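Shared between the two complexes below is chain A, which has chain B as its partner in the first and chain C in the second.
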Partner chain A sequence: GLRRCLISTDMHHIEESFQEIKRAIQAQDTFQNVTILSTSETLQSVKPSDTCCVTKNLLAFYVDRVFKDHREPNPRILRKISSIANAFLYMQRTLRRCQEQRRCHCRQEATNATRIVHDNYDQLEIRSAAVKSLGELDVFLAWIDKHHQDTSA
Partner chain B sequence: PCVSGGLPKPTNVTFLSINMKNILQWNPPEGLQGIEVTYTVQYFIYGQKKWLNKSECSNISRTYCDLSAETSDYEHQYYAKVKAIWEANCSKWAETGRFYPFLETQIGPPEVALTTEEKSISIVLTAPEKWKRNPEDSSVSMQQIYSNLKYNVSICNTKSNRMWSQCVTNHTLVLTWLEPNTLYCVHVASFVPGPPRPARPSEKQCVRTLKDQSSEFKVK
Partner chain C sequence: GAVAILPAPQNLSVHSTNMKHLLIWSPVIIPGETVYYSVEYQGEYESLYTSHVWIPSSWCSLMEEPECDVTDDITATVPYNLRVRATLGSQSSAWSTLTQPFNRNSTILTPPGMELTKDGFHLVIELEDLGPQFEFLVAYWKREAGAKEHVKTVSSGGIPLHLVTMEPGAAYCVKAQTFVKAIGRHSAFSQAECVEVQGEVLPL
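Showing the complex of A and B:
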């Protein structure tokens, strides 16, 4: 099988950063009946061979859309979001290397999974969509933990 | 229907979650001592369409409600809310933040079995079990949910008062190079790498290493 593409980023630091802003960000999200990532059909149904490509696509989703679309007035929260964004840029470089080493194939299934995420995003007004996606970062961080961290450590 | 806002809201509405047993709990509204207030609870599955009733938690006088069954799909996220009722008056709803069992449940301590030799203690750990709806349901170990479940084993030599701890991933651990005929105490906490979660260690267990057999023979 495909040797897993491990991300050596200190996930603990990113998760702590998000934990500190999670309540405040999720409180800004008033559309409880809509989700961006958390539909169980989307992420839970991704096959192991497609997880790396989905991760790559979701990193691009956050870096190219969410972080750019979000307007954060609170400087403390903004600093935390920036540190998470920088960590995602580092992860993107790691996955790019994996792709060059042919350990991160992208098939139609992965593209379909991430299109659902983009479609969910497009359903909402841009600021609401961005804050909702930020509020669901714990889902994506748990996904990275599960699929790209060395569990023997 | 009651007059909404006629009473102050319950406070500190939170989920207390241990091994996926998810209890909604709250404090009574302030300033209503001596008044027989009752409470009604609703819950919401994030991404779904409407709030749902929990019939066993309608007009209750206790300040907690077991929502384990309603929140058993731990990969989903949830909200819950409660309001206070007294005669024709009721409070506005008091709501939790978004609750994500997979990331927020507290992993209970493992079962700890100790056996001793002269200079070693063998520790066998059994992962805690996930909450189950009915006692006769088959058990699911928290290890099955968290493949990266780890244990923090804390050991104390009660003679020298020396303490140390080890992080282990497998279920057996042998402590070697111990002092014979010495009482050692052990307690173990489970944890999962990821967002910080509260941890509750196991009860402290103490065992004495066996006497040094070689010194016994000399004495004879």
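Showing the complex of A and C:
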């Protein structure tokens, strides 16, 4: 399960970092009626057996696209985004080790869930899409935390 | 005449103990002048994906001391590049970059300090408060032949904790080590300390 894969990740520190910049980031989001992670359909419908793969795919979404596409002039916010980005990089590496031990299977359902997120991202202009995705980090973090908690309960 | 170029700071190194990371360097000496220093960093993410991005350190912009606590900047267990430059008036030196990236998993973990007290027959331990990233493993045993070692995990320091209710006339020994989940490492055990129910704390 996901807990074994992400055992050494300090999720609390990542959430803390995001909470400190959430208001400032979401204030930059000019498309309030659009969502990228679309909580109701995408993440909530992911089955427990697909959580490791979806986590891996969404970490890659943030690392390869969102953090790169976002431009942040404010050093205080930049530090927090850097903290999250480097923590995601570490999580990717941890999950990759997990996958080598064949505990992170990727089925079609998981791939579909991730493609919806990328499609939503591509609908928007790149900076708007990046800032919206950053603003929805709490959705992704809560989803990871939930699956982290479930498997450890 | 030609304007002397301000030399860049040299001999950068990081001293890291118990997840506190201090970047130090040799001061730039300009007689009769005060030289200021600024520190910037980039995590592995920046060096891989946005290598032009360097981030100003949280606490070290235009400061006088030739050292910088970068603990609040090094927040993930990945390699970090660190650089420093000197400033004098309107003139700034070139950047000096740490030769080897720093990863917090190389921090030195020391055995924790611990204080044993007796409350009647109760043996109470208080461990050194090393911050939220530290957990502790406490081992204790009755000092007699073939005694079984008991182990307790303590999630934070700085709080008195009841360890065991002692038998009259018996002696009990205790040792402890730290564990940092974020880097998956633990310290060596501390020196064991023993206490006798009616006696004083006895060194081993």
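In the analysis below, the second predicted complex is superposed on the first by the 140 of 153 C-alpha atoms of A that agree within 3 Å, B and C clash if a C-alpha of one lies under 4 Å from a C-alpha of the other, contacts with A are read in each partner's own complex, and residues count from 1 in each chain.
Operating definition for what follows: a residue touches a chain if its C-beta (ideal position, glycine included) is under 8 Å from a C-beta of that chain, and two chains touch if they have at least 3 such contacts.
Since the structure is predicted, the reported quantities are computational estimates derived from the model, not experimental observations.
By the touch definition at the top of the document, which applies to A:107: first (chain B), second (chain C), both, or neither?
Once the two structures are laid over each other on A, A:107 reaches no partner at all.
Just chain B (first), just chain C (second), both, or neither: which does A:63 touch?
Only chain C is touched by A:63; chain B is not.
Would you check which partner chain A:26 touches, where first means chain B only, second means chain C only, and both and neither mean what they say?
First partner only.
In the superposed arrangement, does A:85 touch chain B (first), chain C (second), both or neither?
In the superposition, A:85 contacts chain C only.
Spot which of chain B and chain C makes contact with more residues of chain A, would you?
B
Quick check: in the complex, which residue numbers of chain B touch chain A?
So the residues of chain B touching chain A come out as 44, 46-50, 73, 75-77, 79, 97-98, 100, 102-103, 147-148, 169, 193-196.
For chain C, which residues are in contact with chain A within the complex?
So the residues of chain C in touch with chain A come to 42-46, 48-50, 53, 55-56, 58, 73, 75-78, 133, 181-184.
Can you name the residues of chain A that touch chain C in the complex?
Going through chain A, the ones touching chain C are 7-8, 10, 13, 17, 63-64, 67-68, 75, 78-79, 82-83, 85-90.
Could you list, by residue number, the parts of chain A that touch chain B in their complex?
Contacts found on chain A: 11-12, 15-16, 18-19, 23, 26-27, 32-35, 38-40, 44, 135, 138-139, 141-142, 145, 149, 151-153.
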